[in-house]
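Shared between the two complexes below is chain A, which pairs with chain B and chain C, respectively.
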Partner chain A sequence: MLELDAVTVRFGGLTALSGISFRIAQGEILGLVGPNGAGKTTLFNSISGLVKARGRISFNGREVTSLPLHKRARAGIGRTFQIPQPMHHLTVRENLAVAQVFGAGRYDEKRIDEILAVMELSHKADADAATALALQELKRLEIAKALATEPKLLLLDEVLAGLESNAKRSFMLKLKELHALFGLTIVIVEHDIETISGLCTRAVVLNFGQLIADGTPAEVFNNPAVVESYTGTAHA
Partner chain B sequence: MPVTSNASAQAAPAAASQRGRGALIGAGLLALALLPLVAGASPYMLGLLISALILAGLALSWALLGNLGGMVSFGHAAFFGVGAYGSALLAGKLGVPVLLAIPLGGLIATVFSLAMLPALRLSGPYFALAILAYAQIFRILATELDWLTGGAAGLQRYPGLPTVLGFNLADRAGSYVLVLACVVVFALVYMALRRSHVGTALRAIADSEDATRVVGVNATVLKTWMLLLSAFIAGVFGALNAHIIGFLEPDYAFSGIWSVMPIIAAVFGGYRSVLGPIFGAVVIYLFDQVIAKSLIPVGHQILLGIVLAIMVLLAPNGLSGLVARFLPRLAGRGLSNAEKGHA
Partner chain C sequence: MTELILQALFSGVLIGSVYALVALGLALAFGAMRIINLAHGELVLLAAYMAYLVESRTGLDPYFAIPLALVVVAAASFVLFLLVDRIKDHRELNSLILTFAIGIILTNAILLVFASDVRTTASPFLQDAVSLGDLFAMRSEIIAFVLSLVLMGALWWWLKSSWYGRAVRAVSSNRGAAKLMGINPTRIETVSFLVAGALASFAGVALYTMSVVQPATGHALTVKAFIITVLAGVGSIPGVFLGAVLLGVTEALTVTLASSALQELAGMVLFLLVLFLMPNGLFGARARRG
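Moving on to the complex of A and B:
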């Protein structure tokens, strides 16, 4: 479904991503792991079109490397931001309507109601997005907006960060439900090893902008290079 | 005992508020239509009201660009002046009927606004400064292109508004009706646009462009459409003004007044609403010309500044914000009276 070939991103003299290559198959839940500054969000930004990347990014057999952000969204690449970015002066329902009309190219009130119900936001549908939602609700809105664009690939940037353990567990179950319900392929940036192990079938680890491991969660978390990147010491 | 659901209980005040707002808008427009009668229909008062409505149209176009496009313009005089010259030249030199030349003047302003497209990549003060410079360029061009525009001496020989079906649009009452009709039409277009999904997306772009682009909104294209529409509206009112006053010179048509006054009017009236800029323009212009001028004949604009400063400090959302704040109370009072009536 998604193919990255030698993806490189430079900001002036800083190389944020260096020759990243891997593939994601349809239906996978892939964990993107790495210490702070490893390049995870930059990789999301380059896949979704927020930053320009060198190399080649293909989605569903079509090269999207030079497509602008809005066209990649319409092609089926949905994403969330680490810090939720709702459309502040709109209601929750209006947020989803804009996403659906422009991302999916149609307006279907019933579908919006379904997404609101799945994301447990029906009771806040007509509330102001900026002032009436708590952090967890904002994160759910972030995903709901992406779902409204009817994506095939969903990039989730630290959606579980800042949640306490019970909320985190219920959010994980919600993600599994979405994966099954909408037939999604999901890539999730997450620091928590337990979450990645419980949610993902595969994990890719970045460090200093380079891919250092790719495999099942068990494989990558026992990889000495990965342990060293997290702890600064070699695995015993 | 009748059982009322929670939802219907919540919907009732909202519906009452909506009804109240609709009644207020209707009453406001009716008041504008009847103003000439109230003002005694003296030529002087009608002239002031026409100028106020020209300013209202310009303020509406400025507010549309700011509210839906997220762009603050300091150079609407450019579109106003180009529309004025475009229409006057079409009617005066090519013999195009005036009522056709006026929308064509708006169209010419729209075409010339395409030169502003590179500035769409700028935001905030940078965009404002770019468009300010743009207005200056057109004032200089209108002065220097003697063979076309008459240079600094300007244009005087071009037709005024015609008589249509026995109704003389050139007299004050006719001009007033025509300008008011144009204001109402553009206000309705603005309202429809705001309520559409495109309008909703545009309001969102003003908040966070990345948040909208990531869900498939082509922010650049939508902002471009708003710039073109805003330029068209400003151009039409420039053209109307040109055919009403009967003369044009660069320092007048591209005067900074046409850039500053719509901002003052829209902010005073409340630029986030559709009707705010219209009523803001009428109130502020009449205040300036009738009250401030009689108090301080020279430098009366200082009072305008004071009134605007007070409004911004006490009611940042302008007149429309004040109305919105007090309307629910009135609607609520009406509702409780109605409930008492039922009891």
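Moving on to the complex of A and C:
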């Protein structure tokens, strides 16, 4: 589904990502973890087209490395931000409708109703996205917008950040439901080890822009290099 | 005296409706691209001179110039867009310099081709007085008022109900996130510039029929449009209309009660007063969002 080959990103003299290579198979839920500044969001930005990367990024057999952002969205790469980015001048329903028309190239009101229902936003469908939603609802709208583009791959950037533990658990269940319902491949950036272990079948760890571990959550969280990257001390 | 004031208010509303068309074009380009097009008034002026050209060469009513004005102003808007789109760094600031320069070039091109004489319609039909009770207006002013209302309604519908209109609002709201929704911002910006150009075309022709134009008019129109959008808040069509009417009425009252020499100054004083007393504009922060 997604193949990264020697993906490198430099900002002036700073190397944010260095030669990242791995593959993601269709249907996987992959956790992307690492300490602050490890390069997780930069990797998301490279895949979605927000920053230019060297190397090669292929999606469903097609090289997308030089495709502009909107064309990657149309190709099926959906992405959310840690801080929700609603379209303030549009209602909740319009946010989804515009995403569907321009992202998926069609308008299907039933599908929008379905997404609104799954994301528990039906009661706010005609509300102003800027003023009527609480934080959790804004986070759900962020995912709903991405779903409306009918993505095959969904990149979730710290979507659980700022939620208390009960809300986090219910959001995790929601993500599993979305994965099954829409046949998605999901990559999620998350700091919480419990969340990654409960949600993901595989985890990739970055540190200082380099890939330091790739395996099941249990494997990577017992990897001495990963423990050291988080604690600054070698694993006993 | 009361009659004079009522007549000034009425005239102010009529001219204000055309100012609103000019200001909406400026606001539309600003909403989509976050640039202030300082050549927008010159685009309006270009349309006004197309009306003069058609009337003087063919003897036709100036409103027959609308198709020609649409084509010429659309072409000029498109070239302007291509130039602005080439700016990659500090677009907000650099586009001010670029569009200001293009405005000067357009003004001088018009001066070169049409000379510095003051122009207005020679159509007796358009200049005929129409009475509404005790109030009077030229027929051209009534036509321009109705045309402005129709165009503002059409723009409101387009922004609210068409997919491209919604996409304009999406890009205006959050350009980066709009791209993630599959929206090609360059296409949306092009469409916004062309729609702004269409509004400028109608406004220019209307202005030629109800007022006088000369090469320096373009710059004055840009200033008026800027004042209105700051007063009203970008993106609010009713707000822009009310701001434009307020400016029109202020100018008309100044001309009636003081002197026509103070007309432009009155707009500036209004602008400073509102900024001083209501820094968020007449319609506050909410209207500014949309």
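In this text, the second predicted complex is superposed on the first by the 236 of 236 C-alpha atoms of A that agree within 3 Å, B and C clash if a C-alpha of one lies under 4 Å from a C-alpha of the other, contacts with A are read in each partner's own complex, and residues count from 1 in each chain.
As a convention for this text, a residue touches a chain if its C-beta (ideal position, glycine included) is under 8 Å from a C-beta of that chain, and two chains touch if they have at least 3 such contacts.
Keep in mind the model is a prediction, meaning the values are calculated, not measured.
Superposition of the two structures on chain A shows chain C clashing with chain B. Of the two partner chains placed around the shared chain by superposition, chain B and chain C are both touched by A:Ala97.
Residue contacts after overlaying the shared chain place A:Ile193 against neither chain B nor chain C. In the superposition on chain A, A:Ala73 makes contact with both chain B and chain C. When the shared chain is aligned, no partner comes close enough to touch A:Leu138: not chain B, not chain C. Of the two partner chains placed by the overlay, neither chain B nor chain C lies in contact with A:Ala167. Across the two superposed structures, the residue set of chain A contacted by chain B and also by chain C is 48, 50, 68-70, 73-74, 78-79, 81, 85-90, 94-95, 97-99, 101-105, 107, 145-146, 148-149.
Chain B meets chain A in the complex at residues 197, 200-201, 203-204, 206-208, 210-219. Only residues 48-50, 68-70, 73-74, 78-79, 81, 85-90, 94-95, 97-99, 101-105, 107, 130, 145-146, 148-149 of chain A touch chain C when the two sit together in their complex.
Those residues of chain C whose C-beta lies close enough to touch chain A in the complex are 163, 166-167, 169-170, 172-174, 176-185, 235, 289-290. For chain A in complex with chain B, the touching residues are 48, 50, 68-70, 73-74, 78-79, 81, 85-90, 94-95, 97-99, 101-105, 107, 145-146, 148-149.
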